[in-house]
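Structure record follows, encoded as structure tokens.
Order of writing sets the labels: A, B, C and D. Residues in every chain begin at 1.
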Amino acid sequence: MSSNPYHDKRCQWLMYLVFFAGVGLIPVFIDDAFLLNQFALYGVFGLLAVSISLCWGAGGILNLGQGLMFGLSAYGMAMTMQMQSQDPINNPIPPFMLNNGLDHLPWFWSLFSSTGGGIFLTLAVPTLFCLLFGGLMFSARVSGPFFAIISLALLSAVGTLVLDIQPYTNGANGISPPMPLQIFGAPLDPYSTSMFWVVFVCLCGLTVLAKLITQSKFGQIVHALKNDPERVRFLGYNVALYETLIYTLSGFIAAVAGCCFTLIVQYVSPAQFDVAFSITMVIWAGIGGRLSLLGSIIGALLIQGGQSYLGDSFLNSWMLILGLFFIVVVRFLPRGLAGLIESVLGRLRTPEPAAHEASAALTKSGS
Amino acid sequence: MDYSWVTFANALLLGLSIGSIWLIAALGLTIIYGTAGVINMAHGELIMLGAYSAYCLQTYLGVSYLLCIPLSFVIVALFGLVIERVLIRYLYARPLDTLLATWGVSLVLMQGVRMIFGNDPKYINMPQFLSSNVSFGPLSLSAFRILIIAMTAVLVGAFWYVFYRTHFGIKIRAVTQNKEMAASFGINSQRIYMLTFALGAGLAGLAGSLFAALSIVLPNMGTGYIVQSFLVVVTGGGSLLGSVAAGALTGEIQSVLAYLINDTFARFMLFILIVVFLRFRPQGLFSAGATRR
Amino acid sequence: MAGVLEIRDLHKRFDTHHVINGFSLDVAEQTLSCLVGPNGAGKTTLMDLITGRLKPTSGSVRFHGDELTGLSENDIARRGLGRKFQIPAVFKDLSVRDNLTVAYSRHVNPFINMIRFSDPAMNRRLEEVCTLVGLHNRLRVEAGLLSHGETQWLEIGMVLMQEPRLLLLDEPIAGMTEGEIEKTAHLLRKIRRTATLIVVEHDMGFVREIADVVTVMHMGTLLAQGRIDEIEANPKVRDVYLGTEEESA
Amino acid sequence: MSITRRRFIRNASLTAAAAAVAPSLFLPGAKGAWGATLSKGKPIKVGVLFSLTGGLAVPEEDSALVMQYAIDEINAAGGINGSPIEPVIIDAKSDMNVYSEKMRELILRHKVISVFGCYTSASRKAVLPTVMSQRNLLFYPTCYEGAECSQNVICTGPLANQHSRDLIPFMVKTFGKKVFFVGSNYVWPKESNKNAKLWLEQAGGELLGEEYIPLGSSEFGPILNKIRAAKPDFIFSTVVGASDIAFHRQFKQEGFSADKMPIASLTTGEIETRAMGNEFGAGHFLSAPYFQALDNPTNHRFVEGFLASKYGKNGTTHYNMEETYTSAYVFKAALEKAIAGHGIEEVTPAMIRAAAAGVRLEDSVSPEGAVWIDENNFNTWLVPKIGQCQADGSFKIVSQAPSQVAPDPFSIYPDAGKCTAEGLKAANGSIRKDVI
């Protein structure tokens, strides 16, 4: 363990530096609006992977409903952008509301009339929701598979509701704001370098923040309670509080991802609440290595990139391959590709104890 | 829409039918989860496999529909056996990992079926006598729904018998409670798990053959059942009795809410009610633990 | 004598089964009491009731005069009760050092812990505890790779990191070799100089070696209390406890 | 991953730092206009964006196939001004995020001049922001609810105001006044029902109930119970997809019969009937501009040609497929007009759209009979027809409008204004572009 460079904090930070410097150089080399836009979108997926990795990898809380935070904030951002394109005097109501029989703006939409307030709510609502829901669940000591299933049920419930309250959300058709977000009068064009930088700064900043938190005392405690929450409780820590906070932090990152998502695609629909989408996020982190934030990001990039760029003949069996790959990873590499690198590096440096550790890593449950 | 006692009674009767559909979908999951603690996310796809086996049997071999039902059980049970031997048996100690691995299995099954049978929907022909409506005074229910209710009742009875009245059932319960202790009495827990998994998968297949006739056979038909089946199992607490109660309750709530308000809202409310219920009673209605004590 | 822990008429019922049935006990400052009793006497349940893992049906538990019943596990732990479990509960995929640092729970505020990366006071405590339990050269090893005896010491070390006033140790020498038991006895005596201990133990030889006071539980009640020679001479104890011990042996 | 152009690193780090802070970079980086030119004899790239896999693949895959058939047919006849059409076919995987991503890929990377695609309103809304900001053109070849006035869409399917206009009076006259509305729970059925209520009122009918089923749900028990209690003379259905099939099957299983209480649907065509089993579809009614059974030489040629081609493996044609087929010919006619007016090198998607105004497909081209594009709102003038499903799954045309019906996307929202080529024109004369 001691001599494995994988566990050396300086090596880890060096990898972060290399990775983010590499990503930061993308706009220097690429001058293709589609690719920049696509990389920005991958950045959003990377953020989601970080949020899952923080919650599941660091905190041991498997959240199959992360799409909820993502979707809520994506809707919030779409509402902000939609309100920007409305004229407060002549034309205060989004067109779809007129068609659904509303003759005045619902109160919760009017909160999004100011851009600053809209963005604040977009991030605050999912975060507060996490705080509340997480607090309720963790104080009742709901954990493990139960929490996973309940988060899944809640996701389905909210998705159904968003579909049903069509006058306020435009139902299955979703919201397509006609213009990009205007910041101080200038549009944030989804195909521009600036959009890429916005996502890059969020991804880089939040990943580093998450990394710092996992290395803090808080991170150690959270890691410990993943092993044995009971023990942590008897050490004097309020386990529910810690679980709620890591869950909320992860929800906040997903909310930031949701914001960026709508900025990039200018569209949001109940598809963001699809169960399959939330589970896909878990697959990214699972394949990349849930214990490693960077591994999870790379998992998201590999899978989404593969889905976009592997040939069409290959794509027909894409789900099949993804499924098989995932089974193999869960069965043989519970720590994902990052775990594979971990054991390979360990083996290179100090053959004897590392081999022992690698086998320990494989047999370990990795809850 | 007038709300009268007759329509309300019909809604209650329908709730029973919806409940039996929820329950029969969740029965296999109850047994797998209750015994081995495996969160089988591929359960919906096993239901789908059951539907496709019924379709194949009927279309290619001309087997009559009523015979397709037990045959689907056997075919999907064999599938379950293979999945258990190849994958699940390595993961019993890791419940969250079984959840993830079986999600992988579900992707593979769905895509595999899609590649073989294509995306277009298939359907199943039923005997004429099942395509009719039975009236009891002002109350009425379709013959096929009655078949499903009866089928559910028979299966619950059969499983109660197997679990609580046979030697095999005693072994299953022994393994559920304490694997090590059971092993010291010479019970092979691996074998018990394998058989339960196959049994649970078979039940999913049987449910699939019924659902195939109710609506439509599609590669992604299973995804709709998985969340609702889990809710029944988790609300019930993982025991057979719990699932029966949870299935009946959720079916009635859904039917009555759909009768009073609308279908979509009924679904939303049901999910929220379940989440709130589990917040205050995480062990479910009748936990496997409580019945043990 | 100044009571550290006062238990009064404690009852715990599961359905119709009385596990703890009117149990009362006083523990004095800086003593090492051993809690003994046959299997099913309610020793672990009693521990659970003291530390808040279970809520008593009735009765009271006071710690330095403060009522503990109704408080959560973490609140009770914060008041200075440290507990070692019967089955050693350490964080298997953390290093020994991380196990000990996590256990240092003087600061429980999660927000402050998010920006806490080093803590000199904790490092000092870590030094002390390491010297006591003797895991100095194992600090970087993953806890899951420790031997059985080392795991027990690690957990005692974790309890010590909490700087508790009262330690509840459930079977601290289970699975240890002769040499390790000797070392543990030495360790417990050292701890007693600054704190109070209650040790649940089956090994009467070990009890004889370390106990100031021995408390015998039977069927959820206090059967006898006193010095070890008094207890061994007590005919009631011979009947219910030593008798069954011989049978099972 | 191909990198189209590489820039040499000129003060790379400086550029990056400046990019992050300089407010000037918030200005659009993309051109916002079509980034290629056509030239004579070179292939004309168009996008074909349908779901070939997933839940939407059942109708959409057929649309993609018929689109390829139409393109082959046009190319075999000499293409457009001698240039062949080159389709870029992309699978949208029934996933709204993929629709949106692939639309960007088609326009920005493949630089197609128009895109044919989407079947659901949700997917249309998902791709429209991209189509609009890049000033491209979407041919939307299916029915939709209207209430949209975009400068970048041409629709060849019926609007809600055309779709049920004849069906409701016909049903009221034939079966009785009392009707029950059932639909999938989303925008199109609700908007269609609003139109249907207008026709119902004019025909003197009575609405007994209106129920919506969650998308994808197959549990019709509660709704059928309400229908049983309400005892309508007929049912007006806007249920879509797998739910529609479940609805028809359970309808019959629950003892309802098409003779006593037929379902008048806007969706249940040849493909759906085949999927549910003919016995479950027989006797019910459908309103559509096209049926496979239409008896005219163009349709015979289309049906025989398509079924004999390598794309006709599924063995049927369908209103959706025909609308897709005609959209290819609308594109051809409009592009020819644009080239004649501006010269081939100058043509942009906006010019194609402008040229499409009033484009008419004669009955020698369009299997459903002559249709033309409205010059204001760019939807299609067409003849809705009513067919009754027969025991063999084919439809018998029982009624049809005497002439083409005008499309009006804002028919039920007269206050919103009139959709014109420039945008939505309000009563006070102000014009709003891109109302979606």
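Keep in mind that, in the parts below, contacts are C-beta pairs under 8 Å (C-beta built on N, C-alpha and C of every residue); 3 or more make two chains touch, one makes a residue touch a chain.
These figures come from a predicted structure and were not determined experimentally.
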{"item": "Geometric centre: closest chain by C-alpha means", "value": "A"}
{"item": "Mean-CA-position distance for chain D and chain B (Å)", "value": "38"}
{"item": "Centre-to-centre distance between chain D and chain A (centres being mean Cα positions), rounded to whole Å", "value": "34"}
{"item": "Distance between chain centroids, defined by C-alpha means - chain C, chain D (Å)", "value": "73"}
{"item": "Computed distance of Cα centres, chain C from chain B, in Å", "value": "47"}
{"item": "Multi-chain contact sites of chain C, meaning residues that touch two or more partners", "value": "none"}
{"item": "Contacts with two or more other chains, residues of chain D listed in rising order", "value": "53, 185, 214"}
{"item": "Multi-partner residues of chain A (at least 2 other chains)", "value": "160, 163-164, 316"}
{"item": "Every chain pair meeting the contact rule", "value": "A-B, A-C, A-D, B-D"}
{"item": "Contacting residues of chain C [partner chain A, same complex]", "value": "51, 53, 72-74, 77-78, 82-83, 85, 89-95, 98-99, 101-103, 105, 107-108, 110-111, 113-117, 119, 140-142, 144-145, 158, 162"}
{"item": "Residues on chain A engaged by chain C in the complex (per definition of touch)", "value": "1-2, 213, 215-218, 220-221, 223-224, 227-228, 230-239, 241-242, 245, 356-357, 360, 364"}
{"item": "Contact footprint of chain A on chain D as seen in their complex", "value": "1, 3-7, 9, 12, 15-16, 19-20, 23, 25-31, 53, 91, 95-97, 100-101, 104-105, 108-109, 120-122, 125-126, 128-130, 132-133, 145, 147, 185-187, 190-191, 214-215, 413, 416, 430, 432, 434-436"}
{"item": "Residues on chain D engaged by chain B in the complex (per definition of touch)", "value": "53-55, 57-58, 61, 185, 208-209, 211-214, 216-219, 221-223, 225-226, 228-230, 242, 245-246, 249-250, 252-256, 275-277, 314"}
{"item": "Of all residues in chain B, those that touch chain A in their complex", "value": "39, 87, 90-91, 93-97, 99-101, 103-108, 110-112, 114-115, 223, 227, 230-231, 234, 262, 264-265, 267-268, 271-272, 274-275, 278-280, 282"}
